[in-house]
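Structures follow.
Shared between the two complexes below is subunit A, which has subunit B as its partner in the first and subunit C in the second.
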Partner chain A sequence: MADWRDLLQVLVNGLMTGSVLMLPAIGFSCIFAVLRYPNFAVAGFATVGAFAGWVANVQWGLPVGLALLAAFLVAGAVGLAAEETALKPLRPAGPLTVAIASVALTLLLENILRFVFANDLRGYDLPVLRDWRFEGIRINPQQAMNVGYAVAAASALFALLAFTRLGRAMRAVADNPALADIKGVDPGRIARVAVFLGAGLAGFGGMLIGLDTSIDPLTGFRVILSVFAAAVVGGLGSIPGAALGALVVGVGEEMASVLLSPAYRTVTAFLAILLVLTIRPEGLLGRRG
Partner chain B sequence: MTRYGISRRAALLGTGGAVASFAIGGRAFGQAPAVVFGALPPLTGAGGPYGPAMLRAIQGVVEEANAAGGIRGRQIRVVAEDDQTNPDAGVRGARKLIDVDRVTALMGTWASSVTTAVAPLCWENRIPLFTVSGADSITLLPHQGFIFRTQPNSRLQIATGADFLIRQGARRIFHLAAQSPFAQSSQDVLLEKFRAVQGGAVAGYIVYERDKTAFRSEVDQILRARVDTVFLNGYLPDVTILLRELFRAGFEGRRFTPAYAVNQTTFQTLPNEVTNGVVTWQPSPDVNSGAFRRLQTRFGNVEVDPYSAQTHDHATLAILAAAQAGDASGVAIRDHVRRIASGQGEVVDNVADGLRLINAGRAVNFDGASGPVDFDDRGDIRGTKFRYERAENGRFVVMEIT
Partner chain C sequence: MEAYLTAMLVFAGIYALMALGLNVIWGLTGMVNLGLVGFFAVGAYASALLTKYWLWPMPLGWAAAGLAAALAGAVMAVIVARLRGDYLAIVTLGFAEVVRIVASNEVWLTNGTDGISGIPGPWRGAVSPQAFNLIFLGIVWAAVGIAFLLLARASHSPFGRVLRAVREDEEVAAVAGKPVLWFKLRAFCLGAAVLGLAGALYAHYNAYIAPEGFAPLLTIYIVLALTAGGVGAMRGAVLGALIVLLLLEGTRFLAQEIPGVTPVQKAALRESIIALSLILLLRVRPQGLIPERTRTRASP
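What follows is the complex of A and B.
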């Protein structure tokens, strides 16, 4: 590495990459915390959100902020509907069955989108802005805004969990479902809220990925490995953990592409999982047991 | 208890379905069985923008051939599988086509990685594989003559592209390649070409994974190398992101890319200020040939991509070869392709005329939509032209066809 600027640039790049992984990872962890199964359909929800945002932004001419809201709502609604119709009936068969069904659900969602929108790449109605430069460090305005959107959405979720009755109920179910049930918290309702929020955040994140790149029916699928890695590294079921995990995986991937040959970049996700789980099996912010 | 009820019903439905399918299948007895060809284009994945049209071109030829009486009275059926631009899916698709559908020719594989994975299945089962993939290594496989490639190999493509760049004044080039079987051979050719000119150098070479969504660090390396040209040797989704990143970073040099990586879709995805000046090159279909014009009419006078032109020729070659042989087996098709693709026979540019002449016992020489389709001993195509275009305000302007 040439000097501190290169290192700083890699860090900035990593934070940008991590921030777009953050919301799908939080969504994944949010669903896991309450329902105790890994829902790989967040890849599909991310793609659904990206396309919903595209329709809102390009076809209806809504500004990006509102399109992101549309991405959140549509992905959340699709996630909830899919959970209720496809995954919930499988819950008695155990988490592994539901996890496998969620992979199938991703393929289904991806192909429905392909049927409606075809394979073409699509971009949002946004100008492509030139980078800002500070002391030779490149930061793109759009990417900086994406970080802002991601942080805002994650903060809103933290506030919901920390300061509202609903948030407390969700945390109670995540901590101890049996006890929460005795205390009169309806676990079914909390599960639905968790799925809606989780899928919605994945959709929001999917649109952020699209704002940075472009979208096609594989948008969510391409990042699911990194998203999964982020959730595992952070500690499955821990929402702050997922946010931190996403940043670790993002910086790790960028760092790897400078230190290693870029072809090995995806390996970093696996290496991060391996390393963290070897040293701290519960993940960075996860709880033992 | 309910569970038992459902499974009984399912069993009943299943049995009913099986009986019905036997009944339907039974009707086919008594006619000569159809000749079955397999199509394995990329309907999804990075090749997704091309696969559907490639399949339509094949189906079009088959419809035309069936209307003209088929192969010596036997109708032709095409079974298609999606290779997903992914070797695993390609192999699954090919196995299904070969083992279940019993196809006697496979056509339309697009990505070199898919073709490389599928090819051994073809030669082991003794059926020909017609492909549009460019990697040099493909026809160097021990394929016993079962591979026919209508795309010039990547060595020829890259060498032609490098000569063009050097003519345009490029000296310091950065090669950014997607992980693929042609990345390294492309690099070898670039090194050879640029070292041979005064002041020429390949100042950087990176191979990246195709499914990546962020290329910031790669772009940093390009900027650091201070090159006059960057060669984006990737596919449509990744090159779209790369062009955006290069623009954001303020890269002012020449951007050169295969035409399959930047097309009309790119103009809908990226603003013109980002795409303006991008130079693409590709083997050119024979746009003045009768076969190409007919294909264009069939497609509704829209732009016909070179791959559809090639798969049109794949289907025509397989049908005419089987007709010439009087036998639709894989080996017979392999042995007769060159006989109808080159030689002294009467020149035909469509399947119906070809079948008519062959049925009348006359020799034919098929000239296709992609070019004269003459194959050398390894199965590589000869005599293809190249077309260079520059993106200007949302459309391509032809720079030269040579």
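What follows is the complex of A and C.
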């Protein structure tokens, strides 16, 4: 660490990396909070969103903001359809069976995309912008806008959870499904909403990842460990936790890529999972039990 | 055609060995392991490096592969044995990815993504390629036979009974005075050792290993094999491996018949079929073709 600017640059980069991870992590935690199983298919949903956004942006010529909306809607719809047809019937067999099926689901989604779009790297239709510089700190305008999109999407979800009837019902089911059921909340409907929102946010985040670099059928799978790390560090099932965890993991990964090598980002994420599980299994903002 | 069949049967044997290893960890002890390809890779690299660069004799290399994988399994088990199943799934999946990343980047040790070539094989070069294939076929299935006998014996021993008790209800096993963590640790090591041995056999048969050969897809194949055969039953693991191979190769011929499809699309179709069969199988027949037989006394 040569001087404070380097440190600040790592911090800025970390927050930008983290904000891209934030939405898939929130989506993963959102599904976990209501359905109590780790849905590995968020990787697939993220990739589906990235491709839906690509079609909207590059093939239909829509601006990035609308393409992100398309990414959210298509990924949410695919997630809901997959949940209802493939995963829901397995729920009685236990959360692990569903988790294993969700790994297969990711593989299936990835290969459907590969069949249609092949393995080529694709980029979005973006203006080339010069980096902003403040006192020697470089900020890529596209990444800064991605942070804005991510924060906007996360804020919308928080507002939904905090201020609407639907949000209260979702929190009630996450907190105590039996009690919520007695109070007349339909758990099936809440589960569908949670899956749609979770998969949609994963898709939105998948497109943000693509805006940062490029996309191919493995886009979602490549970041999945970082996404899990964010969710576990924050506390599995806690949505504010997932947001905070994503920032922590993002900064950690940027530090590792400076200190070790960029290839070891994912390894850092894995170590973060192990560290949290050893010291504080409920995560930063999770509850015990 | 004959060479092709022999090669496929060798791979069936390697898959069967992996399914047997997974069965100890997942089937008997109930610890889900979505990172089994990581232990397979550790074994493959250990034996390849020791026999190629340190010129160890192959049987010693294979033993070392089992040992290295068991060691990795022990470290893993210490970390994860207390965790709930959902965390276990995440951590084991992560472990396999980490192994692959390390293998891709520590070029001084593993030669990175270029992989290690020229790994010796038993009597390779001394006999004709056909004879080598047949010799290796014998070795692989002998290994499957030995592993099957030993593991089936372990599964019916008091040790195996405790593992099943842990799977069914950890607290009951603990109340009965069984050191649950110690049993989980040993089960994890045993299963990982078998996976490591399978990795070593793969490396010496293929003569070449690279990180891309240890993709999560292989984990899905083996989970599918074990689910198809029947989780918990050793015979099911072997049968399941044969079914998965038949499915993999059958879809290869099927994909060739479809006109106007690029090779990438063919590969995508085959992988989709594998993924779809696992989802359907979990739905239609989760207990597998050979369900585990457990003697339960009928209540009066």
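The criterion applied here is as follows: the second predicted complex is superposed on the first by the 286 of 289 C-alpha atoms of A that agree within 3 Å, B and C clash if a C-alpha of one lies under 4 Å from a C-alpha of the other, contacts with A are read in each partner's own complex, and residues count from 1 in each chain.
Operating definition for what follows: a contact is a pair of C-beta atoms (placed from the backbone, for glycine too) under 8 Å apart; a residue touches a chain by one contact, two chains touch by 3 or more.
The structure displayed is predicted, hence computed values, not measured ones.
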(Q) After the overlay on subunit A, what do you see for subunit B versus subunit C, clash or fit? (A) clash
Q | Partner chain in contact with A:99 - subunit B first, subunit C second, else both or neither | A | second
Q.
I'd like to know which partner A:114 touches here: subunit B for first, subunit C for second, both or neither.
A. both
Q) After lining up the shared chain so the two structures overlap, which partner does A:214 touch, if you call subunit B first and subunit C second: first, second, both or neither? A) first
(Q) Which partner chains sit in contact with A:37 here, subunit B, subunit C, both or neither? Use first/second/both/neither. (A) second
Q | subunit B versus subunit C as contact partner of A:75, first or second or both or neither | A | neither
Q. A:131 contacts which: subunit B (first), subunit C (second), both, neither?
A. first
Q: Figure out whether A:258 sits in contact with subunit B (first) or subunit C (second), or with both, or with neither.
A: first
(Q) Per the contact definition in the header, classify A:236: touching subunit B only (first), subunit C only (second), both, or neither. (A) second
**Q.** Common interface residues of subunit A - those touching subunit B in one complex and subunit C in the other
**A.** 114, 119, 261, 263, 266
Q: Show which residues of subunit B lie in contact with subunit A when the two form their complex.
A: 43-45, 48-49, 52, 179, 206-209, 211-214, 216-218, 220, 224, 236-237, 240-241, 244, 247-250, 265-266, 268-271, 273-274
**Q.** Complex contact set, residues of subunit A against subunit B
**A.** 2, 6, 9-10, 13, 16-17, 114, 119-123, 127-131, 138, 140, 142, 209, 212-214, 216-218, 222-223, 253-254, 257-258, 261-263, 265-266
(Q) Quick check: in the complex, which residue numbers of subunit C touch subunit A? (A) 32, 34, 79, 83, 85-87, 89-91, 93-95, 97-98, 101-102, 104-105, 216-217, 220, 223-224, 227, 262, 264-265, 267-269, 271-272, 274-276, 278-279, 282-283, 286
Q: Provide the residue numbers of subunit A that touch subunit C in the complex, in ascending order.
A: 32, 37-38, 40, 86, 89-90, 93, 95-97, 99-101, 103-105, 107-108, 110-112, 114-115, 118-119, 221, 225, 228, 232, 236, 261, 263-264, 266-267, 269-270, 273-274, 277-278, 281
